[in-house]
Amino acid sequence: MRIGILTSGGDCPGINATIRGVCKTAINHYGMEVYGIHSGFRGLLDDDIVPLTEADLTGLLNMGGTILGTSREKPFKKKGNSALSDDKPTMMLKTIERHQLDCIVTIGGNGTQKTAAKLADIGVNVVSIPKTIDNDVWGTDTSFGFDSAVTIATEAIDRLHSTASAHQRVMVIEVMGHKAGWIALYSGMAGGGDIILLPEIPFDIHRIGDTIINRLKKGKPYSIVVVAEGIPTLNGKKAAQFVAEEIAYETGFETRETVLGYIQRGGSPTAYDRNLATRMGGHATELIATGQFGRMVSLKGASISSVPLKDVAGKLKLVTEDHDLITQGRRMGVCFG
Amino acid sequence: MRIGILTSGGDCPGINATIRGVCKTAINHYGMEVYGIHSGFRGLLDDDIVPLTEADLTGLLNMGGTILGTSREKPFKKKGNSALSDDKPTMMLKTIERHQLDCIVTIGGNGTQKTAAKLADIGVNVVSIPKTIDNDVWGTDTSFGFDSAVTIATEAIDRLHSTASAHQRVMVIEVMGHKAGWIALYSGMAGGGDIILLPEIPFDIHRIGDTIINRLKKGKPYSIVVVAEGIPTLNGKKAAQFVAEEIAYETGFETRETVLGYIQRGGSPTAYDRNLATRMGGHATELIATGQFGRMVSLKGASISSVPLKDVAGKLKLVTEDHDLITQGRRMGVCFG
Amino acid sequence: MRIGILTSGGDCPGINATIRGVCKTAINHYGMEVYGIHSGFRGLLDDDIVPLTEADLTGLLNMGGTILGTSREKPFKKKGNSALSDDKPTMMLKTIERHQLDCIVTIGGNGTQKTAAKLADIGVNVVSIPKTIDNDVWGTDTSFGFDSAVTIATEAIDRLHSTASAHQRVMVIEVMGHKAGWIALYSGMAGGGDIILLPEIPFDIHRIGDTIINRLKKGKPYSIVVVAEGIPTLNGKKAAQFVAEEIAYETGFETRETVLGYIQRGGSPTAYDRNLATRMGGHATELIATGQFGRMVSLKGASISSVPLKDVAGKLKLVTEDHDLITQGRRMGVCFG
Amino acid sequence: MRIGILTSGGDCPGINATIRGVCKTAINHYGMEVYGIHSGFRGLLDDDIVPLTEADLTGLLNMGGTILGTSREKPFKKKGNSALSDDKPTMMLKTIERHQLDCIVTIGGNGTQKTAAKLADIGVNVVSIPKTIDNDVWGTDTSFGFDSAVTIATEAIDRLHSTASAHQRVMVIEVMGHKAGWIALYSGMAGGGDIILLPEIPFDIHRIGDTIINRLKKGKPYSIVVVAEGIPTLNGKKAAQFVAEEIAYETGFETRETVLGYIQRGGSPTAYDRNLATRMGGHATELIATGQFGRMVSLKGASISSVPLKDVAGKLKLVTEDHDLITQGRRMGVCFG
């Protein structure tokens, strides 16, 4: 049996660990051959494919990024009336045939799951693994990369506390999350944020101001505000800037903003993410070995299973207002808007 | 309503976060009064109790240790024929009555759960929270402190890789876990251990030697061995020393041992543990508010619930050989004995 | 002998450690009394002063921020024709007299040194300690806070490498440094930056483009660019944004920017900074005990000494182009503009 | 010009960074050819030598260990009456000649400097770079690896504080340093150790006991004791165990010991060490380019220079009792014995 493996979409901590999990299991346990496809689906278009051996897997467990490279190539997306792009599926099929790949393992976020589902639709054996720092892939409790991103964001929030307190300021920090506020929620709660704003929950700037004023009355003339990048703003302003300006206007407090940015994506995965990535990688290989294609590996509670790719594609896992961390945060006085 | 809170047994990252979770929820949301009991159950014997206010809770979220102090006092344990120790339950009841405490929150490991169950048996309203780096408390998927300990151990193993590789040595690292090998399993897998030995799985030194020799044949003249402190040894030797000597004898490789020790217990909790501690603390307060006593807070899958204390007491949650990480490790060539 | 101590200007890691160094030495060794002045020089205006005891010093060594609070109050700065502000020096003298403070210890950056010199001019016994993450205080080889800031920035750059490589992008990171490029130079070199831009060295965007193109030719289709916030830009653009846009225009590469911001200031100081802060704090107290006022503590090579405050005030320590790290970076192919 | 480079003795953080510094400067700037010699001087005996290109240098800056491998081979050491070992120098000369190496760069600690000096004595062009976590190489203010080891040890001590305080215990931690107590001194002071024991300063167990009792009287019923592994003990006991037992006997306090061990050597170097390693590597290449052989690169104050190898060989840089950190520590109440 011969499998190809690719990574697609934004990079995140743990991709290399899951590549290692897939390939070591495939080679050691099942005696499969493994081929690395470079730069996501672009590698299937360009025939940029190399065999992977055990030697290639050394040192991957704690390495950030992806040794296979990635791209945002969406081979099923039609561009205008262009007939050319319609040929992309055919090009991929030819590449897969040329290398006699019996199955493709796709590692990626929501976009990747959608593409993987379409690849399965045109007859390719696909097994997919969710990968996103944003934690918004539907069908799995969590994905590797999320705990690492939350850890980095929490450390950053920890650092802001000393400046907030020393200068009696409101510090606003913007973390990743366009549509889903998972990172903001988890890092905000772990970092002791006083106000946490998510794209999923509408906020009222007056209530935020009140929270800050109330803290002052309790002898705490400073506050930490954690915002997801995807919250609604006015005049095209970025999340942190918008909220900082509104708070300054509303309360008269000195405010400062920080945009955490790309450092949330990089570097060595946490122990939690390494083990999750390893388990998911291993399960993907097991699905292949048992001929269960068209599925995405999934974490449910404490165990790894899988869900049909077609159930995942096009959906988004959002924070709901009844989430335990929100309920608990509110009880403790955290303002969610 | 007036509640007392105590921490008992070995310290671990996240205790202060859960104290904060209990107390902030109790004070802010339910308007309860909270009293801190010092040095575990000893504080109930010595009447070492102080009121806690919101000001006492500042900065607790990421602080290691416990602001309440702890002890290994077991007030229900009879010492010889001594009648004196039998008075300890009475002394505790008097203290509780004197301060008019409606409920006691006990935060601790297995020993603490046992004592908490007995305290409930003599009529005290008890709500308990599991706390252990060892992850061996029965009735909960995991407890805060475990992820932090695994993280510290994994970082240590990461560091050993460079020495192992540079010197072509076998590095043996001993992590905590007297009866349960959870830390060894999780940090061993996250750190890329080649051999992982747990108290729950008997090991054969010849098979370990073979693993090391096979790695040499594959061009890897070094290995990482992760052992739990509680694995069986001979002549009263400590785990790491015993395994290192056996491997040296069996393979002729240069071996070195490291005993990680107390640094696994200390310092700031991970983001994961902070959120778990916060949620468990909040849930404890909710149990109190709704009059559900004699229960231990518990994580099941993604949600927090509770189990009867009497079901927990005296049990131990051990690693079973069908654990997904073991199965997956074996497929990837990790030797578990 | 009775001393007052204040912290002024931007907060930085190590302030609390140096407060501890001053006060423990003063109390334990010299039997002095110590008073903490809150919020920098504003505390001298508002008479916001409290006695400090050994109990207040517990836990300060590794704590970020400043327990005394800080402000940017410049009491010698005249505002317009206002006569009021001219009274500030008198107000401070009265406060000092009221509390019978024999000496004021001022901990701060360049602005603070200037104010400290003026305070000395009007007859106050002043001993000053340099404190800046920017490393731009004249008269000392380095100051605490700098190593911590460089460490944080280097970790951030480490993280960007994986994204740069996975996505074949140019990652631009902006670190602190308005006039002095010390953080950019040290973190850029420690983080393996390919291009490092400082306010002190004019840059040519064509040469930067060439560096990126040359890396592509050598098989490295990605680059890391580290810029100080104070480099010259056009149209009021921020440093990172300006450079990223110019590079994208010049090379056609996909570029992304990150502004590190306030997290460079916060959190626990590095071991290096803790020891430097402790030594500087101790030396300040020694200067007081031996009656050497009007001086700033200073690191010269491996030893701590002091320089006259009037020599320091108004000067800035900038990176010079013959700095060893620049010479060495250029030999290794790093582009400094 | 063709140079060979080897790493010898115990591994330490920053070796790979200095290999990168030497080689990038040699290849990029001077157009030299570089050969990597494996496993220290053993590679010169076994002719285990490979050319190094720029591609081999990617990712080295923050990588622990040494890509060249290391050994404790001492080719000039005579073993008994064996004539064989006397041939080792000849074997090395032949290897050097066979590969037409114009110069050998040796990276190592005290033993390596001694061997390097002897290699120079028999006519080889040698340039050496000091490398030790112990900071005991004579002739340089510090060497890379030391700051990294101090950082790791300080983090470990930070962690012990919470356990010490929570359990009211004396925690004894043993750090590396056989003859020189630099790591104990720097990490002990940075970690807030109450008692710090170095091989260079005799200690009196009664005075240590008094320190612990005095802390109890001041309301601090716990202490942190940092000991170098090389302090004198009785009955062949290890440093930490010996001190812990003596303190328990002397004071009746519960004591616990931790031996930090090999994790002090491994992992990614600090930003400080990376820059020091880079600068030292670059300077070594400059020495070669200007024909200055038989010298060891050295840090003096803020600048890099070099000293004759023959002045270094056989000497050890020890802590002296008038060291500023000891003087300052004593003023603050730290007990050094």
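First chain written, first letter: the chains are A, B, C and D, and each begins at residue 1.
Going forward, a contact is a pair of C-beta atoms (placed from the backbone, for glycine too) under 8 Å apart; a residue touches a chain by one contact, two chains touch by 3 or more.
What you see is a predicted model, and the numbers here were worked out from it, not measured in a lab.
Trainee: Need the CA-centroid distance for the pair chain C / chain D, whole Å please.
Mentor: From the centre of chain C to the centre of chain D is 30 Å.
Trainee: How far is the middle of chain B from the middle of chain D, if each middle is the mean of its Cα atoms, in Å?
Mentor: Comparing mean C-alpha positions, chain D is 35 Å from chain B.
Trainee: How big is the gap, in whole Å, between where the Cα atoms of chain A centre and where those of chain D centre?
Mentor: Comparing mean C-alpha positions, chain D is 41 Å from chain A.
Trainee: By the touch rule stated above, which residues of chain B touch at least two different other chains?
Mentor: In chain B, residues 158 touch at least two other chains, as defined above.
Trainee: Testing understanding: with touching defined as stated, what is the shape of the graph linking the protein chains, line, ring, star, complete or other?
Mentor: Shape of the chain contacts: a ring, since each chain touches exactly two and the loop closes.
Trainee: What pairs of chains are touching here?
Mentor: Between chains, contact exists in these pairs: A-B, A-C, B-D, C-D.
Trainee: Flag every residue of chain D that touches chain C in the complex, lowest number first.
Mentor: 21, 24-25, 28-29, 54-55, 58, 61-62, 141, 147, 150-151, 153-154, 158, 186-187, 189-192, 218-220, 268, 270-272, 274-275, 278-279, 282-283, 285, 300-304, 324-325, 327-328, 331-333
Trainee: Any idea which chain D residues touch chain B in the complex?
Mentor: Contact set of chain D toward chain B: 7, 10-11, 13, 15, 39, 63-66, 69-71, 152, 155-156, 158-163, 165-168, 171, 256-263, 265-267.
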